[in-house]
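Some structures are shown below for you to check.
Look for subunit A in each of the two complexes below; its partner is subunit B in the first and subunit C in the second.
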Partner chain A sequence: MNLTSLVFLIFCIMALGIYFIVPKKFQWFILLISSVIFLFWNNLSVSTVIQALLVLLASYIFGILIDKYHDNTIKSKIFLIIGISIILGQLICLKYTNLFSVTINHILKLLHIDFQLGLSYFNSLVGISYYSLIMISYLVDIYRGACKSQKNILKCALFMSYFPILTSGPFIRYNDIEKDLYGKHKFNYDSMCRGLVRTIWGVFKVLVISQRLGMFVDTVYGDLATYTGFYTIVAALFFPLQLYTNFSGSIDIIMGISEIIGIHLPENFTAPFFSKTLTEFWRNWHITLGAWLRDYIFYPLLKSNAMQNLTKKTKKIFGKKASKKISLYLSMLIMWTIIGAWHGGAYTFIIGSGLLQFLIMVLEDTLEPLSNKINNKLGIKKEVFSYKLYQIIRTYLLFAFTMIFFRASSVGNAVEIIKNMFVWNPWVLLDNTSIYTAGLDIHDFRVLIISLTTLFAVDKLSRTGSVREKLFKQNIIFRWGMLYILIFAIVILGCYGVGYDPAAFIYRQF
Partner chain B sequence: MENEEIYERLNNVFRDVFDDESIVVKPETTSKDIEDWDSLEHINLVVAVEQEFGIKFNMNEVTTMKNVGEMVDIIKSRI
Partner chain C sequence: MKNFIKSIVFIIIFLIIFCCVFKVLWLGKTYVSFLIYDEPKNSSDIVYIGSSAVYTYFNPVLAYDLYGFTTCFCATGSQPFNAIKYLLKETQKYQNPELYIIDLATSIEDWDFFDEGAIRRTTDSMKFSKNRIDAINEILKYKGIDKKDYINYYFSFLRYHDIWRDITKENFTKNEYSYKGFILSPESSKNIYIDEFNWKDDIMEISAEKKQILMELIEYIKVNNLNVLFTIPIRDTNKADNAQLNYVTKILRENGFNVINFNTLEDFSVNYATDFYNTSHVNIYGATKYTLYLSKYLNDHYDLPNHNGDEAYNSWENEYVRFKQDFKALTKKDFNKILTKYSN
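Moving on, here comes the complex of A and B:
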């Protein structure tokens, strides 16, 4: 069920309508039923039911056991390990079997052994990457004493499957959401208005901007023989914007709907394209994934005895600063490989959204002193607008480069795309006709310029506080005027194009 | 151990970890007040504090402590 489809709209209206009609103590149960319907929509089979039940039972049973034996460190640790192993095991089996098979097949081929493993295509549930990680954090939080286990299995099932977040997140923590999720909520007109505004803004981002950019990107990447040189460069520059508007637009829809029913979710983006380094960029992009990895992988890893011993040993050889960096970079390498793999069981993801990010961040960190030295020598001011703009553009270009791998169908395909960029044909941008042959006409480009300008203006404003709050402080004519413009823009300019899947959410597959 | 002594020893740890002799920590000091105190340095700081006071923070404390005051409260409860 796509977040911008008519089916989802009807589904939400029905779910939210019933939610506010039933007695308040049953509200959470309505959310559970809606979530179960959403989870198995188009995907109901014995296998998918078993998948969901396995994760639910592992989280529920081991959650209670970890809680029960909280004072017995060994027992609670064993239950934690078993619980995590079950959840992680099903995730790896369903998402990464093919990655292992492909790797082994490559090795067999290199060794000239005439045997190839077959690839399997499991039918996994929507949101498997989200709910698996969410339930792992649930078990770890109980173990760490950050929260208590949920004794009602149906309430535990709701935490696992809360339907708005299944497609694109954000990652939720039990402690943060427990009150809102199971609480009693009265219909609130103000919350509804605020939630609706955010939802509509999200739909605008997805249907007007992301889908439109997608038409160009898909056309170019789908026919690299025809579209070479500057077509490929423009497509590579468009893709991060397509991804951002799709992903953050989905998050706006999700957070808007949740706000209407009184459930507050954590923010996942804070204007990432205004970041001056890739490190800063990742603090503003998919924030809840970053926080999840920091709290459950990166911190424990850095604090582990192995890493501390490594720091101690390397300190004697390389000195204090360098030894800290060695453990840091090693932990970062592990974490970024996991981030890459989380995005998908293919090398394109591990390279694009993992290893390349790691490499650039390490370079940013190690080259900073040198860059400062050069800037000082040349008298380049760092605090002026032009230098900041240069940093913002540089970060965007670096991210766009990494995303070539992320978007490509294989590593070979990514290399082909990069090679393709070196074909010299700048006239396709200048002859006033060629660029309009790749899925978008002149009208589409005009719409893109206006809507992207609006997006960046809103993003810039959001860095100094909530744009919605600023809007709600305005006079009624301005408020409603803006809202109508947005709605009309979606209706008139939204891309529901023939042959284009309306809202094939890029992030949905993860 | 008196508050004063804890802050004095903590101050030395902070100065050592962040290589900045001008640091003076107060209960309300947060990561925003010290330039290099990011999520990466946070663990180095935590480990250095653990070694200084011979205590262990649990992971929940590591990820939720908001300022130096909260860190000192945990230290006081352990020593």
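Moving on, here comes the complex of A and C:
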């Protein structure tokens, strides 16, 4: 069920309508039923039911056991490990078996061994990567004493499957959402208005901008023989914007819907394209994933005995500062590999959204003193607008480069795209016709210029406070006028209906 | 309560803007003469349902001038034949005619013939109602369209919202019918030479699917006790189509219906050298002959009122005057002289 489809709209209206009609003590149960319907929409089979039940039962049973034996560190640790192993095991089986097979097949081929492992295609549930990590954090939080286990299995099921977040997140923590999720909510007109505005803004991002950019990107990447040079460069520059508007737009829809029913979810983006370094970028992009990995992988890893021992051993050879960096970079390497792998069971994801991000961040960190030195010597002012703009553009270009791998169908395809960029054909941007042959006409480009300018203006404003709150402080005529403009921009300019594929969420597959 | 009223006002304003926007954002009345909503309620003596063979063949303002009865078109280019049952139902909501005329031109066509444009011309012309949804379901079921795509037909804006990029001044001007829906255009005033049709008496059974559609239509007409005349327009048809139309005629006559097949009428003469603008349609001269014949037939065989002189029907007289002026401007000929020539 697509977040921008009419089916989802009807589904939400029904779910939200019933939610506010039923006695308040049953509200959470309506959310559970809605979530189950959403989870198994077009995907109901014995295999998918088993998948969901396995994660639910592992989380529920081991959550209670960890809680029960909280005073017994060894027992609770064993239960934690078993619980995580079950959840992680099914995730790996369903998503990474092929990556394993492909790797083995490559090695066998290199060794000239005439044997190949077959590829398997499992029908995994929507949001499997999200709910698996959410339930792992649930078990860890109980183990750490940050929260109590949920004794009602149905409520536990709701936490696992809360429908708006299944497609694109954000990652929720049990402690943060428990009250809202199971609480009693009265219909609130202001919450509804605020939620709707956010939802509409999200739909605008997805249907007007992301889908439109996607038409260009898909056309170019789908025919690299025809579209070379500057076509490929423009497509590579468009893709991060497509990804951002798709992902953050769907998050806006999710957060808007949740806000209507009084559930407050953590923010996942804060204008990432205004970041001056890639490190800062990732603090503003998919924030909840970063926080999850930081709290449940990076810090535990950095503080682990193995890393401490490594620091001690390397200290004697490289000195104190360098030894700390080695442990830090190694932990980062592991974390970024996991981030890459989480995005998908393919090397393109591991390289694009993992290893390259790690590499650039390490370079940013290690080259910073040198960069400062050069700047000082050349007398380059770092506080002026032009330097900040340069940093923002540099960060965007670096991210766009990494995303070539993320978007490519294979590593070989990514290399082909990069090679393609070096074909010299700048006239395609200047002859006033060529650029309009790649899926978008002049009208589409005009729409993109206006809508992207609006998007960046809103993003920029959002760094100094909520744009929505600023809008709600205005007079009704201005407020409604803006809303009508936004709604009709979606209705008229949105890429939906006949001739367009239904808005497929790029992040949905994760 | 204040918030509730605010929400309602917001929605009403939205709907008003929405309707205005989508009056502009659609393809217009191209190859469509659908007047059952435009004519005053229950004012039509005849409703003529069918494809382009309705609005390019029969001139309702000429028929009115001659005999005083009013004919309302419910016609769309390449109209799917299984839509007719629903168009009859739709017509019954707005008009209460003495007689329905149903054009059989598309009764034998295969589903490939009815492209998206043909389907949309019919379904988009209908007002939003359960009947329209039923019509869409029926047409698309036979066409074999995926059920998930039905929604694009229920809500036309899903199709037309994207034509903003091709918008012209014409989209903003009121799109009204001239001459009560009859088409007079530079194209329809031209002529091509075609060979005389070789209409045979062969009979070929139509497919079970087409027969089912025809029988359902017959049943609907009988159940609703409607007075219906069927027409087959004169046009170049191949041997198989010809034989299938004979079969359709046979079934209809067996069921007690009157069918006029203009291809086989001995007292209806067209000039193959001057009366067609393409192989499927008569030109303005052929249409005049067609109208003269059919309107006389209707006057002779049905008890139709004569509204000539009635002020309430002034628009019909005005449209006829306009038609004659436009005819002269287009052909440099006097329509009255043409009429006199053909009447003799």
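In this text, the second predicted complex is superposed on the first by the 506 of 510 C-alpha atoms of A that agree within 3 Å, B and C clash if a C-alpha of one lies under 4 Å from a C-alpha of the other, contacts with A are read in each partner's own complex, and residues count from 1 in each chain.
Here is the rule we go by: a residue touches a chain if its C-beta (ideal position, glycine included) is under 8 Å from a C-beta of that chain, and two chains touch if they have at least 3 such contacts.
Keep in mind the model is a prediction, meaning the values are calculated, not measured.
K.L.:
For A:295, using the defined touch cut-off, is the partner it touches subunit B, subunit C, both, or neither? Pick first, second, both or neither.
P.N.:
Only subunit B; A:295 stays clear of subunit C.
K.L.:
Could you say whether A:308 touches subunit B, subunit C, both of them, or neither, answering first, second, both or neither?
P.N.:
The first partner, subunit B, only.
K.L.:
Have a look at where A:144 lands relative to subunit B and subunit C in the superposition and call it first, second, both or neither.
P.N.:
first
K.L.:
Once the structures are superposed on A, label A:426 by its partner contacts, choosing first (subunit B), second (subunit C), both or neither.
P.N.:
In the superposed model, A:426 contacts neither subunit B nor subunit C.
K.L.:
Based on the superposed arrangement, let me know which partner A:480 touches: subunit B (first), subunit C (second), both, or neither?
P.N.:
After superposition on chain A, A:480 lies in contact with subunit C alone.
K.L.:
In the overlaid three-chain picture, which partner chain does A:496 touch, first (subunit B) or second (subunit C), both, or neither?
P.N.:
In the superposition, A:496 contacts subunit C only.
K.L.:
Of the partners subunit B and subunit C, which touch A:222 in the superposed model: first, second, both, neither?
P.N.:
neither
K.L.:
Looking at A:328, would you say it contacts subunit B, subunit C, both, or neither? Reply first, second, both or neither.
P.N.:
first
K.L.:
List the residues of subunit A that touch subunit B in one complex and subunit C in the other.
P.N.:
none
K.L.:
If you look only at subunit B, which of its residues touch subunit A in the complex?
P.N.:
Counting only subunit B, the residues touching subunit A are 19, 39-40, 42-44, 46-47, 58-60, 62-64.
K.L.:
What residues of subunit C sit close enough to touch subunit A in their complex?
P.N.:
Checking each residue of subunit C against subunit A gives 3, 7, 10, 13-14, 17-18, 21, 25, 149, 151-152, 157-159, 161-162, 164-165.
K.L.:
Please name which positions on subunit A make contact with subunit C in the complex.
P.N.:
Going through subunit A, the ones touching subunit C are 6, 189, 441, 443-444, 480, 483-484, 487-488, 491-494, 496-499.
K.L.:
Which residues, counting only subunit A, touch subunit B once they are in their complex?
P.N.:
By the definition above, subunit A touches subunit B via 140-141, 144-146, 294-295, 298-300, 302-303, 308, 321, 324, 328.
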